[in-house]
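Got some structures for you, see below.
In what follows, chain A forms one complex with chain B and a second complex with chain C.
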Partner chain A sequence: MTTSQRWQRILIVLGCAVIAYAVLAPLTSLDGAQALNLPLLTDKLWFRLATITAMFVVMATAWNIIGGLTGYAAFGNVAFFGIGAYTTGMLIAKAKWPFLLALPLAPVAAAIFAVLVGLPLLRLRGHYFAVASLGVGVAVGELVQNLDYRGEPIFGGASGLFMPIFAVPNRDLYFFYLMLGAAGVSIAVTWAVIRSRFGYGLIAIRENEEAAAVIGVNTTAYKVAAFALAAALTGLAGGIFAQWNVFIDQENSFPIAYNVEMILMALLGGTGTVFGPAAGAVVLQLLIQFLSGSLPITLDLPFVPEDAMPVLAQVVLGVLLALVVIFAPRGVIDFFGGRSRLTVAYLRRSLRETSI
Partner chain B sequence: MTPQLDLRNVTKRFGGVAAVDGVTFSIAKGEILGVIGPNGAGKTTLLNCISGVYRLDGGDIRWHGVSIAGLARLGVGRTFQIVKPFGSMTVRENVAVGALFGSDSERPPLRAAFDRADSVLELVGLRMKADLPVSALTIPDRKRLEVARAVATRPKLLLLDEVMAGLNNVEIDDALEMVRAVHETGVTVVLIEHVMRVIVGVCERVIVLDLGRTLADGQPDVVLRDERVIQAYLGERYARRLRGG
Partner chain C sequence: MADLVQLVTIGLLAGGIYAAVGVGFSLVWGVLNIVNLAHGALVIVGAYLTWQIFTASGLDPFLTLPIDAVALFAFGYVVQRGVINRIIRAPLLFTFLLTFGLNLIAVNVLLLIFKSDFRSVTTAYSGAGLDLGGIVVPYIRLAALGIALLVAAALALLLNRTRVGLAIQAVGSDRDAAQLVGIDLRHAYAVTYGLGAACAGVAGGLIAMIQAITPTAGEPYTLQAFVVVILGGLGRVSATVVGGLVFGLVEAFAQSIPGSGSVFANAIAFGVMVLVLVTRPQGLLGRLR
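Then we have the complex of A and B:
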């Protein structure tokens, strides 16, 4: 890396920090936002949206560690989100632990689970691993809902778990910052991993597992560690979600759709990069919300009745996934930082790469 | 003195076929040994047995007198006949990853690994191409990279699987120079080759495999004049012609 490139990077990071401050500073005071007459910022909906977006930044960035860096397409990471949510939820609702004591155990529980299922599953390659991990993702949710002990559901069953509301001033703001912090941790962890022996080992496994093993990478230990790290971060997001949402059940803690969405976000932004999955999460989450009509700005399309918008959103997402995979296999992050430019030639080259 | 590597009755079967059938030989430290044989003789299978890719069906492999299953982290480096570079990395990164891992005892920090990568690239003659992506390398250079990555792991024994295959004469001379340079750093080298000229040019000792068995073991000029070797390797017709001429 040349000095000018290094400066360019430092400036980009500084620029992002300044923009982030400009966006976030008014949020520290709702009164301030109201005085400035910024309707979006005083809206509860905005906080919900921003927190969910940060949550997806965590999940997409965490998925990138196992899917993007190590090259193992995990399709069941939502299990870790749910395990994180239920760990915090159970400790608060049943054991009456305070939230801040229960939260650190969410990533721990998710990571332990990842090690247990990772040891057998990570011996599978390619599609086999993808399908098996999807199975685990579905199975855990079903187990949590249906496990009984002497006729009593252990984890709250179909009626879910309720937690007492966490009493802090500016609750919406508090959880937004907490989730944003988790997103920051995920990105920082990825940044550190990519620059470490561990990260080089993971990329070596992705590029050629046999060659990696022969030069002395302990492939099993590395893969399981990457899986556990992704699980811990995803579990952390789940733990925060549980207390923020106050109520958890199978439907909101193990949504199968999250599996697809977090992968799509990482692909869209650029797998294997530090900021790609986060960028993909922000763009895609806003798009999902916009298309499903949750944003204050709505779209009036001729011939499309309003109640069909969520369906249309799914169709657009599907088409988008296909287009990204075919025409921008390295993600949109490839167009930033001067590596490539979005030209017809780029699209044609990608098409040649991705087709037979 | 215990040999560095000692193979006794090494056997590997695929179904009913014994690809390697009771091969016995040993390698002394600092030696440069050639293993040749016609197609399907079991050369690569033998190498996979030594480097721990396959589990043995019989026999024993000893590293400094100790029986072991996989050698990867004990100081044995290898290359693949079909090169397996890390495609998304630059040439320097490929070699640096080798330096980052390798034998368990002495794994250097990141900076030192990249320094080592540079000195290994110098040794194999890829210094000028260090910052290129692997995709920009020619076939001979990819083979060099394969050797460089293995050398970077600080091996005591290096197994080279047909690193000269597909190269023209000039390229083979360059590659031989590289193998000699690597050997001179004190590494024991086992060269698996199809190209006769390579073995004669650089090896002190040659083992000939045929149908999974050791056919001959000795100095190159003696072994290559052995009639059984000529027959197995070049065909009966050529052997007859040699006898006649």
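Then we have the complex of A and C:
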């Protein structure tokens, strides 16, 4: 690809973003939309949904850097999300910092934490790293909820942290674009990493760590850097989430389910690619929201009470996880991206490759 | 001094449960090379089975343990034969994700059936205990420790003295060679997972008698089982039992520190894990593999 073509692509993307903003912005104010008679876009629900989807794009794309490119099965990335959320939350709620000053510290705190735990844990391989990182996820959440100093909870304890509402016009739109910006940043970072010496080093580690070390890749530094980069992006999403949601506690900042959701998203879209995890995030998040009844179009199942739907959504997620892992381990992108065709033969081949 | 005796007692009694949870996890990991993230869910399925039988029929909870074992063996056999065998040669991330998916399904199906209410098994002898000079040791916990050790001993016997057990060990040490001498891999793997599930089921039955259960109560046990196995060292049943007892003791002491408590179960398990992995990755008794 020549330089001019590359610039052309970047300009097209930027142009689309500007047009999308120009179209969306007036529709978010109720008056403007009523005048135009377009009710759907004014619905707060849609913005909530779009913002959450963008948040998962960030998390899945960030996981891809450590899990997809470097090949380390990190199962506890939700710790970075929570640390980002609590960094912003504590600075705003306790230290009375303005949001825009507190937000940049969320990725910094998450990255520092990732370096600290990454140095011992990234020496571990395979199962050991996977479970150890899973342990980080649950342990940090537990500590944040329960640590206290002289009887006073340090991080708000079980009752969580409340922040003042961030006063901007068009709040929903503001946070949607902030999260969308974070998603853009994480995709751009992945794009840059894959084309860099650093990215080639990470892929070398994934393919064969000993060989990578022999050809001169500083494996420890590269792995820790990849982990910290993933942590910083995830922490950024957490920081935005905290102020957007106004309230944070252990349950919404350290949900164990996010760990596996972001991995499944990356896997669905195709690990190791630039746009795959983002595409997987959009598809899977819409599916999860649809199943749990958060979309305006809901599913009415006979015999299933409405309040059981979120639980049922988790069951479906588990089944989906099993099906993807068994039948499409290279991700759905493998046949939507044109490399293979979705046929019975393809599914049978994937099955036979790994079974006994 | 009395405090110390009490802590050691509490630790060993809890350690028995950890050993029971750990032996099945260790077997599946050692032979199938799968870290079974659904292990905690299997434990809690066993717990609900005991609770359901006890509530419906009033059968003594200890008598439900063999039922738990048989039911979970069958369940585990089918899951391995039908599902996990399909990806047994896939990279680690996939076996990990699949077992997590199974965990998600099991826990949420339990939530659909039993809701998230706390359930407990309370018998006529639930409150009774042995008085050891000021320290009361509940009979149920004492029996649970005994049964846990019995389960481990039975598993060790089965692995070392029976044809099936030797086949499982052969598969665990060299899959291809085992296949060459005529061992049916699919069956051997399914039996292994079934045995792991059966141990988890019995452990769950014991847990139902000593704590209130919810569908999500099994989750910490997966992490704890992992820590128990790396503490003892992967490979032998006896090593896992020692790992379980040591972990019970460490946890009891860690929770007795002022400001600490049972709310830090996961953090303590994680701390122990990192300490062991960094200082002695082969475990207290194990060989490096």
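As a working rule, the second predicted complex is superposed on the first by the 313 of 356 C-alpha atoms of A that agree within 3 Å, B and C clash if a C-alpha of one lies under 4 Å from a C-alpha of the other, contacts with A are read in each partner's own complex, and residues count from 1 in each chain.
Rule of thumb we're sticking to: a contact is a pair of C-beta atoms (placed from the backbone, for glycine too) under 8 Å apart; a residue touches a chain by one contact, two chains touch by 3 or more.
Since the structure is predicted, the reported quantities are computational estimates derived from the model, not experimental observations.
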Quick check on the chain A-based superposition: chain B and chain C, clash or fit? fit
In the overlay, answer first, second, both or neither for which of chain B and chain C A:Ala139 touches. second
After superposition on the shared chain, which partner residues are touched by A:Arg197: those of chain B (first), chain C (second), both, or neither? first
Of chain B and chain C, which one touches more of chain A's residues? C
Who does A:Leu267 touch here: chain B (first), chain C (second), both, or neither? second
For the combined overlay, can you note the least CA distance between chain B and chain C, rounded to whole Å? 12
Taking the touch rule as given, give the residues of chain A at its contact with chain C in the complex, in rising order. 67, 73, 75, 120-121, 123-124, 126-128, 130-132, 134-136, 138-139, 142-143, 145-146, 148, 256-257, 260, 263-264, 267, 308, 311-312, 314-315, 317-322, 325-326, 329, 351, 353-356
Chain B residues within the chain A interface of the complex: 51, 53, 72-73, 77-78, 80, 84-89, 93, 96-98, 100-104, 107, 110, 113, 149-150, 152-153
Going by the contact rule set out above, which residues of chain C touch chain A in the complex? 29, 35, 83, 85-90, 92-94, 96-98, 100-105, 107-109, 111-112, 185-186, 189, 219-220, 223, 226, 230, 259, 261, 263-267, 269-271, 273-274, 277-278, 281
Residue set of chain A touching chain B in the complex reads 195-197, 200-201, 203-204, 206-208, 210-218, 272
